[in-house]
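Common to both upcoming complexes is subunit A, partnered first by subunit B, then by subunit C.
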Partner chain A sequence: MVLVSPAFAMVTLFVLFPLGFAVYISLTDWPLIGPYHFTGGQNYTELIHDPQFIHSVLFTLLYTGIVTGPIFIIGYAMAILVRSNRVGSTFFRTAFFLPFIIGLATESFMALLELQPDSGAVDYVLSRVGLAHAGTAWTVNYGLALTAICVFVTWFASGLTMMLLMAGMQGIPNELYEAAEVDGGTWWQKESRITLPLLRGNIALALIISVIGSFLAFNQFYILTEGGPGTSTQPVVMWIYEEAFVQYHLGYATAGAIALVIVIAIISAAQFYLLRDSSRAGR
Partner chain B sequence: MTAATASRPAQAARATHVTRGDPRRGTGFALYLAGGTLAALLFLLPLAWAVLRSFMPDTLVTQAPSVRDFGHLTTANYTGLVQANDILHNVLNSLLVACGTGLLTAVIATMAGYGFARFRFRGSGVVFSLVLVTMMIPFQALLTPLFLEMHSLGLTNSLAGLALFYTTFNLPFGVFVMRNTFLQIPWELSEAAAVDGASPARTLLSVLRPLVLPGIATTVLYAFLFSWTEFVGALTFITSNNLYTLPLALLNMEYGSVGQVNFGYLEAGAVIAMIPCVLLYVGLQRFYVRGLVSGVVKG
Partner chain C sequence: MKLLSRQTLTGAAAVALLAAAGCSSSGSAPAASSTSGSFGVNATGTVQFWARTVSKTLAQKLVSEFNATHKNLQVKLTLTSINDDVTSLATSIRAGDPPDVVGLNDIDMPTFTRNGSFTDLTTQINALPYKSALSPGHLGLATYNGKVYGVPYWGDLSVLWYNKTLFQQAGLNPDNPPTTYAQILSDAQAINKLGNGISGFTFAGDCQGCLGFTVQPGIWADGTHLTSGDINGQTANITGNTPLVNALTLYRQMWTQHLVPDNDRTDNGTTWGQDFAAGKIGIMPGGYGQVVNLVKASQLGSEFMDTPLPGSNGGYSTFDGGDDFAIPTAAKNPSGAWEFIQWVLQTGQQDQYPALGATPIRTDVLTPAFSAANPEDAVALKALAKGYAPVTLVYDQMFNQAGGPWFQMFTTAVYDGNVSLALQQGQSGLTRLLQQASQ
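For the complex of A and B:
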């Protein structure tokens, strides 16, 4: 079919072929320049014994574990706040969602200045209220950098969770709430017995999208800490990038990338399954 | 599952939500306003602060903030950025890539969406699944094979190559949105127009255009914002300074400069990068939300 062939060609050329090619590269010692040799599964065995790679995996999991909860809770609370059309609700929605639209890269550059010792607003405000010492260098200390980035990313990503949950909440038929009101149901009962159960699909979707985003974290760490101090704040995507384009171990880096593809594909498959499920339920 | 079927009951429910009680009265409404305003401040203040900072002289940018700073606002960071760093060149690069990506994605996704919605052919199900499966593959994990492939095709260090790369990873979403757009069109309408003597071109322009345009707007908006804000792909595929997109130019100010980072310039550059996103989102919000509720957005 002529109409779909350009789309199919692009996807084949820039996704499906590279995917197969990646599997092949991962089985070699591919350098950036020069001949390569087939090494079988050696990259993969090295990978699981590489403390650097293991650390980046664990760090990504830790980071995901920290940010997922706050993003979800804040997003859920904001969705409740702005789900019905009232005076100001459009403005609030826009305000909460704007950080997501502007993007992490741009905002990381802004955050870089505010996280500087002395001149940064973070340092200034927190030292004034006594929560930090003046002159704290937020981006060069593992704990401080991780904390700052987690707060920053929560600010960035809660709006997306809000939008996804809000769409689900607005899809719940109003008659259910009216019936509950007739029966004298309290606000809390309506939320916990109507909204929450009917929102399960949307909650799962929002969580999956949030987790995938965290697993693929790169911009905020590359711009704010460059993975440092040392390589302590290096997430997996940054490990792949550094290994491939700084160390020029393309084969080895790609083996790590294949592991990432598998993990993300499994999570995304769950996302598609949920979507299919919710469409069958008539929504 | 479609954007349309997902948003229609949503709108219906929204309409009824409003009438529930009098929303202007009561402590509930006061709490809503107070909470909303407080939260909005938390989300907007950092952005507003960044804009204000970009108008401070460089020495103030590197000093602790104080109230006196508000009296010394200047556009020096912007003029310096334009003159010394030729930032407009980077803005142009970013615009070229983002517009190219938006246009290309719209054309290819519209064609494919129409094809998938109107015709069933051998293997159409398989091809559609293949396009959708792409959504499950993070491009961040394909940087090495893509780099080698694009390098051998002469597409690295090329704005066109970058736009092709961005287009590909925006296509699944675009095809999905456009297919749903075409699926919800009542085709009896175009048949009726044909019966009434309208030419196919006229049918397309006056009957179908208003129905298809929102889908195209959604597709273009996502593709544009994706390319405008994308970072790691550009970092991998672009190496020449004169081809740097805006995020790369900002990174170059951070790491590439010798000595002290010019935070005033960096802040002004970040504000420039922020402007199109804010304008496009505020102006075209409903098209963006339309894409969101289709449920195939990536984090």
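For the complex of A and C:
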């Protein structure tokens, strides 16, 4: 206990204490300025009856459901492409990971300019291949905005998935693949019976990071649509932001934040359980 | 060595949590001693001045000049980041460590004036010899229950910019800018016919705050507002508001007649005004400082000129935007803060505002010499006397949010063409916000 007490002190100071204080704030009507009053669970009761909060949660779930699969599949495919050290691997690893390095906020502003109807590259290219009308206003239509953001985020996040899976793939002994080749195994048999089982932990990590990231989505929606049209593309973190820093209902917003933390914890625990290595259970 | 038990650690954390909660209750502090005769005279020490980043050029120049001429009183400038100024100030007040003077967005003043956060400056302002010349809109936003808790700092006023070159090319008189909605429409139609990528009009069609800044003055010029009553019991004035309908109809016509670029639909303010500055737009409602910062000084007056934002049938108004000065009640050097504020309000400093992209907040600065030296800002300053800014606790929620009732109303009326539904949405949405604010 003595040896871990410095780490415990740091966790207490920077994690547990702020979290505990946030729980306390969520039980009050904490305003921007002025006195507050303890209200018990009133904020949480209001949350479950707040149509805008419910909408933002459902929208976040929809968004997470749409992007998680493509991010994983494309990331896995890129990892297969770059896992060996053949010529060009380094270039492609860098190219695929670069969007994640540059950052979502910067790229969101770039996307905002490229999605402009008259002057953006997206309409220019897509209209010439017949996939969209010139002058399509992507960011002010619910369906178009969601499509554009999902494609954009898939491009952004696949690189991280690639790196997580590639690291795992490179740790698998080559002898296993050689033995499979000797036994006449096909490419798919080697992937499904060697790579995927041994990559379970990395896959779990990549999926959990991806899902948590989607639940915490904010930058791309704030910059590209500001949650619009209306509040149709408002994820739950943006709801929390607007409730706290626009409406100045900090207690109520904190209750939403605590609810989000609980939901993410439950979903992450479920993912860990479902993706655990059952062959190691009981050791 | 005795090891700490789990119970002991848990208990310590709980005590710390409750102690911190108790320390962070109302954040009240003793009022500054503003009643003393020496208040704001020959103060010494340091003044902590928080200004918004948007006023960076102006603030840095003023602070630099003040410090050079006041050896015993120095101002230390901190710029607050965009969208963070209100919460930064509130956090500092709650922590008992606010700045001595803050330059706050004037529409955010009502959030603080009603809870004792700012020093009552009524006596000091009444003693100013130029009090009647101070911006009425700025002062109105700083007033609560008859007391004034702030004083105007700088003006960010909305005007109607137009391109004199395009006016001439379209056969219009560049010295006869629009003074009614009908003239705005006809001039825009004439300029639009020039073709070659030229548009007659422009607006930031996805920028809620930009639209509030430029569309509302036309409604005010027609003699009405979108809310009624004082801040403690406001009601929505949307249904049956004819000036509002006239304004929305004008923008609907601009949109349906393709008198604006297609990009306007998705312009959230990021690129607002750049096509006007590039000489591609005939008429643009916007801010004085907005265009001054986009074009070369040599183009002002020769290529680009401004005129007051008109109402539907004449008259004019402006959005009294910009900042107010306020002295938090827990300020450590309120006397120094008031001395700095009075210095900024002097005509010598106000005369520098146009070159720094701001409009002065004293109408008595509008002399013939000022007009000759700064004809574009003189237009804005002339409109200041008829300026207004809504005094409400829900300005951000109403006008600056994508999901707010103002933008929903604008979208439904201008892009969907359903004005009656737009008015219903605006009335119900604003009523809901005002009722929540009054609880």
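Note that in this section the second predicted complex is superposed on the first by the 250 of 283 C-alpha atoms of A that agree within 3 Å, B and C clash if a C-alpha of one lies under 4 Å from a C-alpha of the other, contacts with A are read in each partner's own complex, and residues count from 1 in each chain.
The rule is simple: a contact is a pair of C-beta atoms (placed from the backbone, for glycine too) under 8 Å apart; a residue touches a chain by one contact, two chains touch by 3 or more.
Just so it is clear, the structure is predicted and the values come from calculations on it, not from any experiment.
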Here subunit A is shared; do subunit B and subunit C fit on it together or clash?
clash
Is A:Thr225 touching anything from subunit B or subunit C once the two structures are fitted on A? First, second, both or neither.
second
So in the superposed three-chain picture, is A:Leu112 touching just subunit B, just subunit C, both, or none of them (first/second/both/neither)?
both
Touch test for A:Phe17: subunit B only (first), subunit C only (second), both, or neither?
both
So, A:Ser210: does it touch subunit B (first), subunit C (second), both, or neither?
first
Would you sort A:Pro235 into first (subunit B), second (subunit C), both or neither based on which partner it touches?
neither
Is A:Gly75 contacted by the first partner subunit B, the second partner subunit C, both or neither?
neither
Contacts for A:Phe245 in the overlay, against subunit B (first) and subunit C (second): which applies, first, second, both or neither?
both
Report the partner of subunit A that touches more of its residues: subunit B or subunit C.
B
Check the residue A:Ile172 against both partner chains and state whether it touches subunit B (first), subunit C (second), both, or neither.
first
Which segment, 22-30, 58-66, 76-84 or 112-120, is the subunit C region that clashes with subunit B in the superposed model?
76-84
Quick check on my understanding: which residues of subunit A belong to both its subunit B contact set and its subunit C contact set?
1-2, 8, 12, 16-17, 21, 109, 112-113, 116, 118-119, 226, 245
Subunit B residues touching subunit A in their complex are 1-2, 5-7, 9-11, 13-18, 20, 23-24, 29, 32-33, 35-37, 39-40, 42-44, 46-47, 49-50, 53, 61-65, 108-109, 111-112, 114-116, 119, 121, 124, 127, 130-132, 134-138, 140-149, 164-165, 167-169, 171-172, 175, 225, 228-232, 235-236, 247, 250-251, 254-255, 263, 266-267, 269-270, 273-274, 277-278, 281-282, 285, 288-289, 292-293, 295-299
Report the residues of subunit A in contact with subunit B in the complex, numbered from low to high.
1-4, 6-8, 10-19, 21-22, 25, 30, 78, 81-89, 91-92, 94-99, 101-107, 109-110, 112-114, 116, 118-119, 121, 123-124, 155, 157, 159-160, 163-164, 167, 170-174, 177-178, 205, 209-214, 216, 218-219, 222-223, 226, 237, 240-241, 244-245, 250, 253-254, 257-258, 260-261, 264-265, 268-269, 272, 275-276, 278-279, 283
Going by the contact rule set out above, which residues of subunit A touch subunit C in the complex?
1-2, 5, 8, 12, 16-17, 20-21, 24, 32-36, 109, 112-113, 115-119, 135, 137-140, 225-231, 234, 242, 245-248
Contact residues on subunit C for subunit A in the complex?
1, 3-4, 9, 13-14, 16-17, 20-21, 25-27, 83, 86-87, 90, 93-94, 111-112, 115, 117, 206, 261-263, 265-268, 270-271, 396-397, 400-403, 407-408, 411
